[in-house]
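Scrolling down, you'll hit the structures one after another.
Same chain, two partners: subunit A is paired with subunit B first, then with subunit C.
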Partner chain A sequence: MTATAPVAERPAKEPKQPKRPQRFNEGTGRLAALLLSPTLLVLGLVVLFPIISALRESLFTSGTTLDSNGFIVKGSTFVGLDNYLDIFKGDTGRRFWNAFYNTTFFTVVCVVLETVLGVAMALIMHKAFKGRGIVRASILVPWAIPTVVSALLWKWIFQADGIANQLIGTQVLWSTEGWQSKMSVIIADTWKTAPFIGLLVLAGLQTIPAEVYEAAKVDGASVWKTFTRITLPLVKPALLVAVLFRILDTLRIFDLPFVLVGPHKDSVETLSMLAYDEAFNTRYGPAAAYATVLFVYVAVVAYAFVKILGADVIGEARAKKPGGGAGGKRWRKKNAAKGTSDAAVGAVTVGGGR
Partner chain B sequence: MAAVAPQPAEAGPLRRWAPLAGVAVIVIYCLAPFYWMAVSAFRRPSDQFSNKIIPAPFSIQNFKDVFAGSNGFGRGLLNSLIVAGTVTILTLIIGMVAAYTLARLDFKLKNVVLAIIITTSMFPGISLVIPLLKLFIDIKWINTYQAMIVPSLSFALPLAVWNLTSFFRQMPQELEQAAMVDGCTPAQAFRKVIIPLAAPGVFTTAIITFIAAWNEFLIALSMTNKKSIQTANVIISQFTGTTGRDQPFGSQMAAGVVVTIPLVIAVLLFQRRIVAGLTAGGVK
Partner chain C sequence: MAVASSLALLATACGSGDDGSSSGGGSSAGALEGRGPITLASGKDTSGNLQNQLNAWNASHPNEKVELKELPDDADAQRQQMVQNAQNQSDAYSVLVMDVVWTSEFAANQWITQIPEDKVPDLGKLVPATVETAKYRDKLYGVPITSDGGLLYYRKDLLTAAGVTDAPKTWDELLADCQKVAATPGGKGMNCYAGQFEKYEGLTVNFSEAVNSAGGSIVDKDGKPDVDTPEALAGLQELQNGFKTGAIPKAAITYKEEESRRAFQDGKLLFLRNWPYVYSLANKTDGSSKIAGKFAVAPLPGKDGPGVSSLGGHDYAISSFAKNKATAVDFINFMASEAQQKDNLSKTSLAPTWASLYDDPTLIKQFPYLPQLKASIASAQPRPRVVKYGDVTAAIQQAAYDALSKGSDPKATLTALQTKLQSLITQ
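The block that comes next holds the complex of A and B.
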């Protein structure tokens, strides 16, 4: 049968061949599915399965039996939404809101600082004709250093009798509880990622044609006006994507506060650390509930960001693009997803510890 | 920041020197903490708390401690290399096929598939790690390499697919068509024409993936509790030091230097490529 089948099929297939020279990408749906399946399979296994499993897990609570390794053996009971309700109650509630506040605080402060510094750096690098190679190489150094190592590095700098205190002539106990430990996390995170935003913005700046600036000069625009009316709008797509991914990264911040200040510190405990702590203590149900809450939070922020700011990017992109108006909403929607996902996705995911 | 803006014509020297000064500030900003790590690593353990800019008696004692001690740091480096290396190779093999498909074939839902792949890199690591941790406990994968490698694919693979897709897109489609006119099958065209030409892009993706996997911490921390299997990052974070000091910063800094130096060298050598890879697709 295997031998005859191809012979039998052939005549039926032949006439369907198009007359023009065969192109590579014809009738390739099945081939595409086949070629994409390994990737989708892996991602299904390491992303989709855990997410669904976490949702399920968050509805259960596990018993307290431990095996010799300290891991739970068996005995989970269905508790419905109790894990979620418990999050907001009593002492756990206080811990959760504190972690929620810290996560949000770090995200807002770090991302704002990093964006401002990053844009400033990009502008300087764009202006500088000499030393660009050096600056590019050195800007990649903080990015390449593992977050854990940079956390230790800053811990050392922020030692009681370390260099930071000597430089500013104080005796701040940085990596203890309190505002100063928050500060130390913010400084370390900003150091590591601001140059990176700078790099992405610089790439955006380099696509702006010089004529635009010449025209502005002819029209007598001031420096500030040129910056706000020309530079900013034109680098906005690149900038927004960098900012979006920094936001997503900072929302799931874990390694930096975990190593720099340490676990169980109220002033720097983030949602990721809280979930990790629960899981580490084999309370998988609550841990999964915390992780799910974080996951939803990240999704909501990302969606809001694309909706509010992303729409703006698209508006400009559409104005620039001839014939872009015709597609209307559909075009806009497609590009809202694309414009933001397109740019520098890979890039920024490398940037931070998640 | 004021130095950034183009200066009015009369400010000649300022206009010339301000950007250079700015560059100097950026370089110092980026490198000073790194310099401090290196310098601290080269102090004698007894001078650990000295704040001199240059280590007075230069010493490599910290490095000796790191490798000689009971830290298992050498083993950690090897583990890191195994995990990050395997992640990179697996990612490239799987990702290249997907990226080529996304860049070249026309099919329905192409953008949806691409969007889904990219979205998967945005999930918080912790919400993936907890269920996988439970699963790996059940199937006895805790303290194995695969327990660290498999979850790492969740960020490495989308990243690689994304980067490679944009590299493949930049290559003219006529390449394969010419090869096929000459009698190649699509698979042959891919193997004999595209892969060799895409080598720089693949190499760039490999570096970026490797750096990302090398820097991974949360997964490695969660999936292991035995020293012999932990990666360098986890081991450094849990250093107790050879002499039992409370905070063995000297050896931690030395270990940090050891972990970072290969990456810094790679960054210096391939900075152009890395920048191209990082900004791929970010700007047209």
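The block that comes next holds the complex of A and C.
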């Protein structure tokens, strides 16, 4: 997927380099198509085919009726959009909207918390102080642990006689239905993935030249002003990519609530868990329908995110270019950062479409 | 996974077009033919003795060797692999080691082959309740190799100190014993009773036991849901009252087997419902158990007399798509034989299905709980034998969990469960 990134980036850069001869485009275009065709073929096989196959699957149903001998009637029947309609009807509808609410709730709360914490971590990791290596490494440890393992870890922490209850001095039954199980998932997810945002933001921070801060210091800007007027805008492209990654990931959240709290718990059931549950009971049609609904939801959110925030980035850049008030160095830096972020966003939207 | 399942669907769709009517014949007696190497698909062999048993078979059957295909440790993952294998109609697995509750689903889908009862000569010598688990619509689809039944573990030392000599046989006796022990110095801070009440398969087991022990049933003899009865209500209320009065500690709603075992081992519980595996662990003298030598086991108590356990264990079944099914039948008979089961019991403590082994004095010396376990298994009830077991157990868990954790009205809960089960089972 990364192989496509430079190509996706190229047309965007073109207007800025008018000196390039026209020939460049013609010859390279054909060569690029030729060179990329294997990649596109592979992408078609691993991305497009499963999506189409899942879409097709979601229109069929099988194994629902028994014959007189008690055997399941074999073969699948075409049911059109019934699997989709069933999702929103009656008892399954209640379950779906609950899962939809949970998924959205986790995404909003977790991503907001992780962003705030992640930026804070990045700022700490960015500072020059003794033992910075150790701090950086220890902040990144949670991100290095597989989700299932960290879910088990938190499960032990949150069990009835676990450390969490000993620390707060009362017995909260974290894995039962209610606000506390939602909270345990949020805590565990934030613990695990705030470092991820911290890591990407740290990378963004390190591209900001020191002169900008020196200039701000000379002008007598306060710490808060420096942060909101310099650090945040300059780190924004990297931050947006990190947040988009996290949104896509959290919308598909499965293993953490499944292991930490357990399946079939209304308080933490997410859309992925519904799809899994249907597939587990060998109802692949409805499972594919759930997965498709989730896929559409993820795609819409990702598109809206890129459209609203991404368009703003470009608009801001275009508006500023003629005035050039921000100074050449800062402008170039910012543009470079934007280039990488756009490419990454392109890769994410493809990757997120699983 | 979408690819695999859609391919599988295509395959089944094509297959059924050709031989839609003859597919019933595939499970008839004539299909058990062919000799040669076979495979055994089993969960991870934690006991370490399975390979020894296979080696014994392989030594005497050089042309019909059995190869072990180890599946993941987790029962759900095992089932998933077997289902996938069946949907691809692959002959990779010949003999399937199946959890007792999967039989109906696998049989109804014709993923496993019917075994004529006369091909299993020792069938009559197995504990009858275990054989029932391998049947679907009165036809045999597997042979039970291991079994499991619930036991009541109790603190013999504390009961004796409180002047109680016998283990309780009814719930009322159990509660009365708790009060007697609470009055003694040793009973300070003790919780009375716990089972497995987390929202998972263990809750279905515990709920079924409560209902069955009160004389009710979840599914009647004809396979129809029968849970909206006064007996079932009495069973559910007993558990609910346990939570309300504190006889069952609040934390028990998060207990699976291991959590409840730890609570018992740490000396926090007077009575514990659990499987036989706890016996040797709780008796360890390496410091991991605070109650080694201080407890004993009894059959589960019931409402008016001895209770009814849910059956656990594993059946060996033959995949419909396997080759060399004649060898598979012989191999299953070998594993079901008294000699192999005795050997396996003494080495792994897995409960056998061969009835006479429970009366063997040397084995009883090694495993003192065998007589109680025999009583437990002999009167045990299988969990609902239904095609959509996954949905049925989820519905039971939902109902029982709501009643126990939120205290929802038990009568209304059971009425709703009855409706839900009817929609799942009549199809």
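Here is the rule we use: the second predicted complex is superposed on the first by the 256 of 354 C-alpha atoms of A that agree within 3 Å, B and C clash if a C-alpha of one lies under 4 Å from a C-alpha of the other, contacts with A are read in each partner's own complex, and residues count from 1 in each chain.
Basically, a contact is a pair of C-beta atoms (placed from the backbone, for glycine too) under 8 Å apart; a residue touches a chain by one contact, two chains touch by 3 or more.
Source: prediction; values computed, not measured.
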Exercise for review: Considering only touches as defined above, state whether A:264 meets subunit B (first), subunit C (second), both or neither.
Suggested key: second
Practice item. Scan A:149 for contacts with subunit B and subunit C and give back first, second, both or neither. Key: first
Practice item. Of the two partners subunit B and subunit C, indicate the one touching more residues belonging to subunit A. Key: B
Review point. Which partner does A:111 contact after superposing on A: first (subunit B), second (subunit C), both, neither?
Key: neither
Exercise for review: For A:49, select first, second, both or neither according to whether it touches subunit B, subunit C, the two together, or no partner.
Suggested key: both
Check your understanding: Does subunit B (first) or subunit C (second) touch A:306, or do both, or does neither?
Key -> neither
Practice item. Classify the contacts of A:186 with the two partner chains as first (subunit B alone), second (subunit C alone), both, or neither. Key: neither
Review point. Which partner does A:281 reach: the first (subunit B), the second (subunit C), both, or neither?
Key: second
Review point. Can A:173 be said to touch subunit B (first), subunit C (second), both, or neither?
Key: second
Review point. Is A:57 contacted by the first partner subunit B, the second partner subunit C, both or neither?
Key: both
Check your understanding: Which residues form the common part of the subunit A surface touched by subunit B and by subunit C?
Key -> 49-50, 53-54, 57, 69, 71-72, 159, 161, 279-280, 284, 288, 291
Review point. If you look only at subunit B, which of its residues touch subunit A in the complex?
Key: 1, 3-7, 18-20, 22-23, 25-27, 29-31, 33-34, 36-37, 40, 49, 51, 94-95, 97-98, 100-102, 104-108, 110-111, 113-135, 137, 142, 150-151, 153-155, 157-163, 173, 176-177, 180-181, 186, 189, 208, 211-212, 214-215, 217-218, 222, 225, 233-234, 236-237, 247, 249, 252-253, 256, 259-260, 263-264, 266-268, 271-272, 274-275, 277-284
Point to revise | Of all residues in subunit C, those that touch subunit A in their complex | key: 1-3, 5-6, 9, 12-13, 15-17, 20, 23-24, 76, 80, 83, 87, 107-110, 136-137, 198-200, 250-251, 253-255, 259, 263, 387-388, 390-391, 394, 397-398, 401, 405-406, 427
**Study point:** subunit A residues touching subunit B - in the complex, by the definition given at the top
**Key:** 21, 23-25, 28-29, 31-33, 35-36, 38-40, 42-43, 45-51, 53-54, 57, 69, 71-72, 120-121, 123-125, 127-157, 159, 161-163, 166, 191, 195, 198-200, 203-204, 206-207, 223-224, 226-227, 237-238, 241-242, 245, 248, 251-252, 254-255, 259, 271-272, 275-276, 279-280, 284, 287-288, 291-292, 294-295, 298, 302, 334, 337-338, 341-347, 349-350, 353-354
Exercise for review: Using the touch rule from the top, collect the residues of subunit A that touch subunit C in their complex.
Suggested key: 49-50, 53-54, 56-57, 60, 62-66, 69-72, 74-76, 159-161, 171, 173, 175-177, 262-265, 277, 279-282, 284, 288, 291
